[in-house]
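Please find the structures below.
Shared between the two complexes below is chain A, which pairs with chain B and chain C, respectively.
Let's look at the complex of A and B:
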């Protein structure tokens, strides 16, 4: 009797253990295509340049996607997977190059271009304003500046002289 | 009659960009042009040419061994770039293995297989499938293929005992005889 109780208890324990293992396996499901593609679309295989890994139809890219799936299943993060691909296949597999070395030009170039553009616009705007005379004196009733008034006066005087002489 | 104009000589008092500013702008522009020119030149270069000294490299094989310039010195080296997903590579794989088995006893010929943009499991399966026994390893970071400026796979480079590139094949070998024809003249009497 005691022996049969021991056998039943042992069997129950074994079944519970199996159930625990099964549920643990279920808690780490196989990564879905969407999860794989979320990472794959950030990577480019050197074989098919300019085609993101998530839509590349070649065997090489299919194997790379399988590799991403395996690594996701192994619990690796997105960054760890990307780091692995860079180590294995070089930085050119990344859709966006890492901001280091000559790649910095990609990030700093547009910023410098925008700053230069703003400066040029500022200069052009200033030069347009400069076409109006810089004198701060208010214009006369004729709408001319004092300098223009003086020139006009001189012209009138000379004209009058010419008329008198003539 | 003297012509009199009312137009005033109004010279806008524009500020000139300081000299250092112009210098920086020109240096920046020149630097950018140099970088663009270097990239274009590099992209236009073909594979390493016969007669040139090919780039040296150190390969870590799939079984963890290191093969570098010291192991290659004074030997005829056959460097073969391949990938497990490459069908033409499968075509030449048995011939390359046969050639390796033929030359290996001499001791002055070394075959090196470099798996290009391949997954390790697929590469190992390929090596197993074709029973390849010469050293093979992954092209980590694709640094070796970039140094050789390869354009795809399979590509094979044979280096003579003086360390100069003696033969380039940018397609698969079609027979064992073809491989022997490429290697034998480099072995000397």
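Let's look at the complex of A and C:
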């Protein structure tokens, strides 16, 4: 009898212990502020213009951060959380426009500008090298400058000479 | 009474400006010096008149006359005297008056200069300056009147107006909203005036450019006259931007100095085109080239300045819908459109006269390197412009697109955010390019230098600069982008120092002066060149700070009980105590005391704070900051339990090297100051024998 009570107590205890371990495994530790901020950094609430969510001091934004924390605790991934906010509040919550549809403009724009810029520079270079032989070109366009220029040049030549000597 | 005086002088200034514009125009057309002189007097008169208007507003602000809408918006009874004065630029109506006042001051200064040699420019400079001034006065008189009072209808509604509407009575609130706490910081007190001074002084080179186009004096005279104005504009604009960056670092609690926020970027945009202009005018002065381009750049800068003034104060960037709510948006766009069309048509009329005969050697000539510099600054401008306007554009396109069924799938009408990450993906290439140019261009010569001559002078600083990445790799740095950026900074800095050393040494040898004195005299001889090099050094120092924070910033946030600790890198902070109390000027302050250890050694205490302003119901973060050349420890009190023992949440940033950013700013501004200082020596230069002006080559 005593033995059976012991066995029951022991097995009950064991089951409780197992249950405890299992429940401990189920409820993960609360996500840290750093984990929350890593995601919040990439989001903007629609009210606080231009303030990233991770540093916004308003209570509304604090609530959003709590929401991120809850979703992290529920085991959602970073992408899932971001998608959730986009679905709820629109694409503007993202720090950068999603590169699709018309928004490709904002990514291709700078690229096109660079290509055009390099092309224009190339044309200018070509045209500069094509024109007038040296002797025909006016040295400078203003009345006073050549003298100042000359003085400067002479000065720098002298400096150069000194450097070479020294 | 005082309001009537202020508004009266505002009206009179407007009439005087209109008179000045007409007198200048007719005087120039009929060739009547008397009329032009009269126009000049009109321009001079605007300054004392607007001073009366400005002083009137300050009087109302200081006396807390809450029956005036502007006063009640920006002032509260708890604000001290100094803040009430600065509230002049704390809101839109006051800012516009302040802008006009500065504009009239600069216009008067221009009117007072000696005009003998450039008399034909005078009427047109007056006209352009006064048209710009008149535009801002129209805004102040008809749209954003700072003297409008509050009126109460019998039903209890509040309206505003300069004069009493029928059946209403004067409404005097007992207290006002008070200024946004963010604007009460000392950095913010000087940031807007500096920025506005920069904006306003860019109007002057533009006015001379237009005068040159109208009169057909298309040589570089206009550039020579306005060289110093441009540098003054550059000085203040840079100072304004830098103060803003420092303010953001201290107050906003973002852990950074620059958030790529639309308002920030829209004040950076004219700086970018202005910097391009500052460099490209040198090509025109030395070589008579790029005349069209310089005209285009200054026209663009002028209109971007006007746009910047508008954008920093309007709600347009938050939504296109804000645009329709006030008449100020359409007026600004109308003015910008008109001045742009008028300037460009003037330019096209003179297009052929501006043609210059050009020739150029290699892609290593200074001309070409300057062109590359211009390309990079203009590309940065385009990127920033796109970034600022794309959110508005996407919303506007969406509204249009929704109405056209075929397009509705492409234009979903969703507004988007173009945040810091977008800029951080795109702009570093351009900044790296600028650093590289800073390393090469100072050693190039006009026209004649080629790869060989450059290589001959550049190899020493180049080899020296390689030491930096080598040492960093030995110490374990593996991030190649950061290594590249730091190498470029070292390269640019060494080339600049090498330039100083070479010239200083030569003078030291030639004149037996000691080296510091030789350098001093050298800088005095050619202030623009050596001032410019000092600016480059400042820019490199700033680059080092920016590289530090962009590549190596770390952060952590934790809630800790009293006595608890947070570790970040070499630092550990311990939460010592927290006190929450009210102040007499209407704030609730939560102030934490944390002690800081570095590598286990106590280095001091920090006091991060959160001030809550009852009147405006806004919180303000005040950072606990420990700054050293090596790194900054930046602690924010993010949250706390009202019973202090329960604990508090701290956000801690570790910002390596950012100290160099702030020191670099000082060097940058000093360099600009040196470059902008009047150069008396140059006027006295005597040329004994003619030297053909063909090159400034460093090779024989």
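We take it that the second predicted complex is superposed on the first by the 105 of 166 C-alpha atoms of A that agree within 3 Å, B and C clash if a C-alpha of one lies under 4 Å from a C-alpha of the other, contacts with A are read in each partner's own complex, and residues count from 1 in each chain.
Simple rule for what comes next: contacts are C-beta pairs under 8 Å (C-beta built on N, C-alpha and C of every residue); 3 or more make two chains touch, one makes a residue touch a chain.
Computed from a predicted structure; not experimentally measured.
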So, A:55: does it touch chain B (first), chain C (second), both, or neither? second
Applying the touch criterion given at the start, work out whether A:113 contacts chain B, chain C, both or neither, answering first, second, both or neither. second
Which partner does A:67 reach: the first (chain B), the second (chain C), both, or neither? first
Could you say whether A:92 touches chain B, chain C, both of them, or neither, answering first, second, both or neither? both
Looking at the overlay, what does A:33 touch: chain B (first), chain C (second), both, or neither? second
Using the touch definition from the top, say if A:102 reaches chain B (first), chain C (second), both or neither. both
Per residue count on chain A, the busier partner among chain B and chain C is C
Determine, under the contact definition given at the top, whether A:124 touches first (chain B), second (chain C), both, or neither. second
The shared contact residues of chain A with chain B and chain C are 90-92, 102, 105, 127, 131, 133-134, 147-148, 151-152, 154-155, 158, 162
Inside the complex, what are the residues of chain B that reach chain A? 1-2, 4-6, 8, 10, 12-14, 28, 32, 35, 83-85, 117-119, 122, 138, 140-143, 146, 152
Write out the stretch or stretches of chain A touching chain C in their complex. 32-34, 37, 42, 44, 49-52, 55, 57, 62, 90-98, 101-103, 105-106, 109-110, 113-114, 117-118, 120-121, 124-125, 127-129, 131-134, 136-156, 158-163, 165-166
Sites on chain A touched by chain B in the complex: 45-47, 58-60, 63-64, 66-67, 86-92, 102, 105, 112, 126-127, 130-131, 133-134, 147-148, 151-152, 154-155, 158, 162
Under the definition above, what is the set of chain C residues touching chain A in their complex? 219-221, 224, 252-255, 259, 261-263, 284-288, 317-318, 356-360, 363, 367-368, 371-372, 375, 378-379, 382-383, 386-387, 390-391, 394, 397, 401, 409-412, 414-422, 425-426, 502-503, 505-507, 509-510, 525-526, 555-559, 610, 619, 621, 638-639, 649, 651, 682, 685-687, 690-696, 698, 700
